[in-house]
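Note that the chains take the letters A, B, C and D in the order they are written out, and that residue 1 is the start of every chain.
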Amino acid sequence: MTHSIAILGASGYTGAELVRLIATHPDLRIAALSGERKAGQPMAAVFPHLRHLDLPDLVKIEEIDFSGIDLAFCALPHATSQAVIKELPRDLKIVDLSADFRLRDPAAYEKWYGKPHAAPEMQAEAVYGLTEYYREEIRAARLVAGTGCNAATGQYALIPLIKAGAIDLDEIVIDLKAGVSGAGRALKENLLHAELSEGFHAYAAGGVHRHLGEFDQEFSKAAGRPVEVQFTPHLIPANRGILATVYLRGEAGAIHDALASAYKDETFIQVLPLGEHPSTRHVRGSNFVHIGVVADRRPGRAMVIAALDNLTKGSSGQAIQNANLMLGLDEAAGLMLAPCFP
Amino acid sequence: MTHSIAILGASGYTGAELVRLIATHPDLRIAALSGERKAGQPMAAVFPHLRHLDLPDLVKIEEIDFSGIDLAFCALPHATSQAVIKELPRDLKIVDLSADFRLRDPAAYEKWYGKPHAAPEMQAEAVYGLTEYYREEIRAARLVAGTGCNAATGQYALIPLIKAGAIDLDEIVIDLKAGVSGAGRALKENLLHAELSEGFHAYAAGGVHRHLGEFDQEFSKAAGRPVEVQFTPHLIPANRGILATVYLRGEAGAIHDALASAYKDETFIQVLPLGEHPSTRHVRGSNFVHIGVVADRRPGRAMVIAALDNLTKGSSGQAIQNANLMLGLDEAAGLMLAPCFP
Amino acid sequence: MTHSIAILGASGYTGAELVRLIATHPDLRIAALSGERKAGQPMAAVFPHLRHLDLPDLVKIEEIDFSGIDLAFCALPHATSQAVIKELPRDLKIVDLSADFRLRDPAAYEKWYGKPHAAPEMQAEAVYGLTEYYREEIRAARLVAGTGCNAATGQYALIPLIKAGAIDLDEIVIDLKAGVSGAGRALKENLLHAELSEGFHAYAAGGVHRHLGEFDQEFSKAAGRPVEVQFTPHLIPANRGILATVYLRGEAGAIHDALASAYKDETFIQVLPLGEHPSTRHVRGSNFVHIGVVADRRPGRAMVIAALDNLTKGSSGQAIQNANLMLGLDEAAGLMLAPCFP
Amino acid sequence: MTHSIAILGASGYTGAELVRLIATHPDLRIAALSGERKAGQPMAAVFPHLRHLDLPDLVKIEEIDFSGIDLAFCALPHATSQAVIKELPRDLKIVDLSADFRLRDPAAYEKWYGKPHAAPEMQAEAVYGLTEYYREEIRAARLVAGTGCNAATGQYALIPLIKAGAIDLDEIVIDLKAGVSGAGRALKENLLHAELSEGFHAYAAGGVHRHLGEFDQEFSKAAGRPVEVQFTPHLIPANRGILATVYLRGEAGAIHDALASAYKDETFIQVLPLGEHPSTRHVRGSNFVHIGVVADRRPGRAMVIAALDNLTKGSSGQAIQNANLMLGLDEAAGLMLAPCFP
């Protein structure tokens, strides 16, 4: 059965990625696309790579008739999303890709995002969208909050280890490298090709990156006690991909066992043989996560390395995986595209 | 109905691209993969991005039992292919991705490839694989010769114009820019990242590039008289994509009309509105071709610009499109993947 | 003897390139740097790669005391430059890097830039800055107009051939590929890394690119009759470099002779042996031009391929070369930096 | 006074970088260049970007007359270097860029490089080439062993902190990202542009990277006790640059003070204001090191981030800095080139 969906905020990269994935999804049909500044334009003018598709033109959100829509993806900017979602029909299923509903605690939201939440009651209702860990809640949810792409990567590496008690919770370092599309289509000087290519750097080091709010929330929940990690993101001259190198106190063998066991039935999460290193290029354009474990030369220390595509598994692919659950479809429907290499 | 296929030479980029595309093809099943130097290895060791697929290990060609195979894709190096294909079962359908069967004239083959053909009788039998122009012959063929990726790009821009008499046949310049994957996975110094990135250059200028053999053959056939173009390929620091900028004597309006008319029913060929420029990034990872036409400031001169992905429409996607025809399947089966941007 | 210079518009790429080159120039000293929007900031905040230099902070132009300045480089945006230069002291030597003074004919300026010139008397006074062709005029000039970077590349390939009568003046095609820094530090969506990398495209085809004004002016002057070329620029995913592939009617041998003869005493222009192809990566970061000539397979046709670094020889290096002449210094002072490869 | 130098192994990237830097060095003259496999060729055939220089052709080492040579740079492969150097004249000054003489302890050499050293007496004589820490020994040395490029980066970040007692020596994590030129010009599949670009990955994790031998040696020496760090290198799709992100137990303020104090008189080492992040793009092509310090949100933890260009400060620039000292020249002679950005 085909379900009609709307994409709000379709002129950014996560919006385009949703359309790309839905283009070959067997059960979803795009009924409406919004783009405030580009309303009135055909999608092919905004994203010429989608030219072959028969898509509705971009409109303003208020022009959309939601009566025939089964589910809306909200790919709007942070803060905008909560204001928009508050006004949508109460019975519309929503997968939100912004940061607005990721943190359950209003105080945590205010701490990391700098102002009070505009829809705290919906914040309470929202289910955190890390599919493999919230599958049952997502199936029943009306509003699912897509995770941060960095946050997802770190959690895939760490949640099973925290739950299994396989690591020292006070000594976790996450060194994360991310391609540039995670920063979106914003016109910022540091995102220009001439600025970004052929160089790399850390940013937001020292505990100020907002995805720490998600780490704190989810790691502490998994541990049953407060957990704070040391986290530094880096910007890498590639368009897609996140690689998290996690430094841990724990035995590599037990760590590998815990990960392999946790993910043995998961379609999208591949734990590599002990000692192998994953690469972002091997998940590019796909919904897969590759996780490797390597023992350090010093006993009792290990590295876990996780790779995913920020636009797919880290954002739009995850959103479709969640939508599939919410609509009663096969969880993997439309998401089995193989990575695009080279 | 599912058809069993084999991929000979699966350890190169066109082999990997065939697997990527077949991974979500509804009617094809990979029964055998060969790779001479990597025989015995699982495909995931050679191409970790295919790790999630349940694939046969790489074997040597002589280990393959072709009795249950409906069609073989040959992604072997030039010259190797003809020797291998000569020994394959006579009733096996074959799509060859090498240059070995592209030229119908043995003398032309010897001129461009430097030695006599080893299987001239099969050379005569082979159908040239530019799907949109040889559709009926391909449907009935046993052996289809995939086109050169550069050759395909130029032909999509020019064949309708030659047939329509819309251009001066003696004044055709094809300036072609190609990403690096077209050169394959060969260990050559000039293909190293440190050599190639952040720079660009022409190569094989002056009429020595082998794809000229295809241009000469197909353009002369379309014109009913000898046609020789001026052709310079360039190597661009990107992995995928070919852009052909064709300089012509002719009226841009008539040229645009001829192209739009020729391709109006083609699924994979998109003619842009007059004056628009295509980009390789908008066809990346897909089977689509984008063609633009721009008038020069001097009346009677125009540019036609064509873009495609060398590994997909220029090679493995084309091969599957042809295989679909040969097997009686929907021509577009498995090939509607949207381009992967950004 | 050390000369004091000012750089107006030092917060863009050509400004930064001037500083980079002057950092090791034996005879120039930077006395003032302007940057309207970044006035008050240290240069290291705007360009951290210049952190090790002892530079004046950025100021507004009106804050600069020009009394001790021997020469000013104007790296301001087009149109802004003419307004600023009009107000500078009459005895100040100026090298302008904008497009404002490149066209000698006010009508041509208005045609290509869309409005009348604000300082037509200075337009008449300005000397065109293609050093090798205007050396004597530049030596005596007060105001030198730096050339367009694309325009310089095409002229190095063609001027000797036009002068030598070695080519058909009505059949010149310039297919030009340029790295992204030529577009400057402007915040444009199509200059983002995620948009630009891994793809390439033509733009401004069909005779609308403004550098055609320079081609028309200089080629017609060299020929003594109107010359109009067919010109298509392309944007390539690399930061630096321009490669012009020029398609010609003429004998390759005579063409090579004309180029080799014209440039035999030029420090910065290297004509490669007949048949060799230049590459932008081999001139990156330097003031050198590499020019190759290849014969086509059809007698009487040839390709000339020229490569330079748009920020150096195409802009700031050229500007310093001209300043050296204007100040009575060795023309090559500070400009012998070897290309930075890989 | 001009000194004559030879470069042994001039056909690799560090050899080319030596030539690039010496091209504008006031006191060095290249008298001989060797390249075993490319002997007989002009340097311009091997590295066309050096075409403008008047250089000797490549020869075999045994063809070089060392009688007039003041100093030889050995840019030969690891293991080859020790065999060659053993046979060079005893009074020839040598800067070796290979790994052969970095480890003072023969047992350590055998552990990390897998076989006994062929010239242990010279191993004992060699001075470790981290200029800022061995300046006096280098001035007097006959044989200086250039450091590993990764090893240099980590040491610039850590040695002052170890000496100052500012950090916990048992809790040091070095997450290092490196551009591809550090791997040299070797023909390896994983160094191809199509493999490498648009992706990133860790390699040699878990304490197997050979530069750990240098870390162990130098950190333990500085500490006066054994120090073992946890170290993971990553390969980033850029040609030049190393960024080391070091996770530490210690107070950020004290750490910043120790670094600022240690490097306050160093020409090439720039400590950024507390809280700023360095970038590899801001040192590209130069001999500078940029070091940043950021406090973690958890008191008592901090990150130190160091950036340098692996081919310049990490290798050939360092080699020239050392040669300058050995020859009694200004330490910075020829090395003040500003970074090449963008």
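What we mean here is this: a residue touches a chain if its C-beta (ideal position, glycine included) is under 8 Å from a C-beta of that chain, and two chains touch if they have at least 3 such contacts.
Values in this document were obtained by computation on a predicted structure and should not be read as measured data.
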State the pair with the higher C-beta contact count; candidates are C-D and A-D.
A-D
Quick check for the class: compute each chain's Cα centroid; which one is farthest from the centroid of subunit C?
A
Starting from the mean Cα coordinates of subunit C and subunit D, work out the distance between those two points in Å.
36
Chain centres from averaged Cα atoms put subunit A and subunit C apart, in whole Å, by 45
Quick one: report the Å distance separating subunit A from subunit D, using the average Cα coordinate of each chain.
39
By the touch definition above, subunit D meets two or more other chains at residues 13, 181, 194-195, 197-198, 237-240, 278-279, 281-282, 284, 342
Of all residues in subunit C, which touch subunit D in the complex?
13, 16, 19-20, 23-24, 47-53, 181, 197-198, 239-240, 267-268, 270, 278-279, 281-286, 288, 290, 311, 336-342
Which residues, counting only subunit A, touch subunit C once they are in their complex?
13, 180-181, 185, 187-189, 191-198, 237-239
Contacts from subunit A onto subunit D in the complex sit at residues 171, 173, 175, 177, 194-195, 197-203, 205-208, 212, 228, 230, 232, 234, 236-241, 243, 245, 247, 252, 275, 277-282, 284, 292, 294-298, 301-303, 305, 307, 341-342
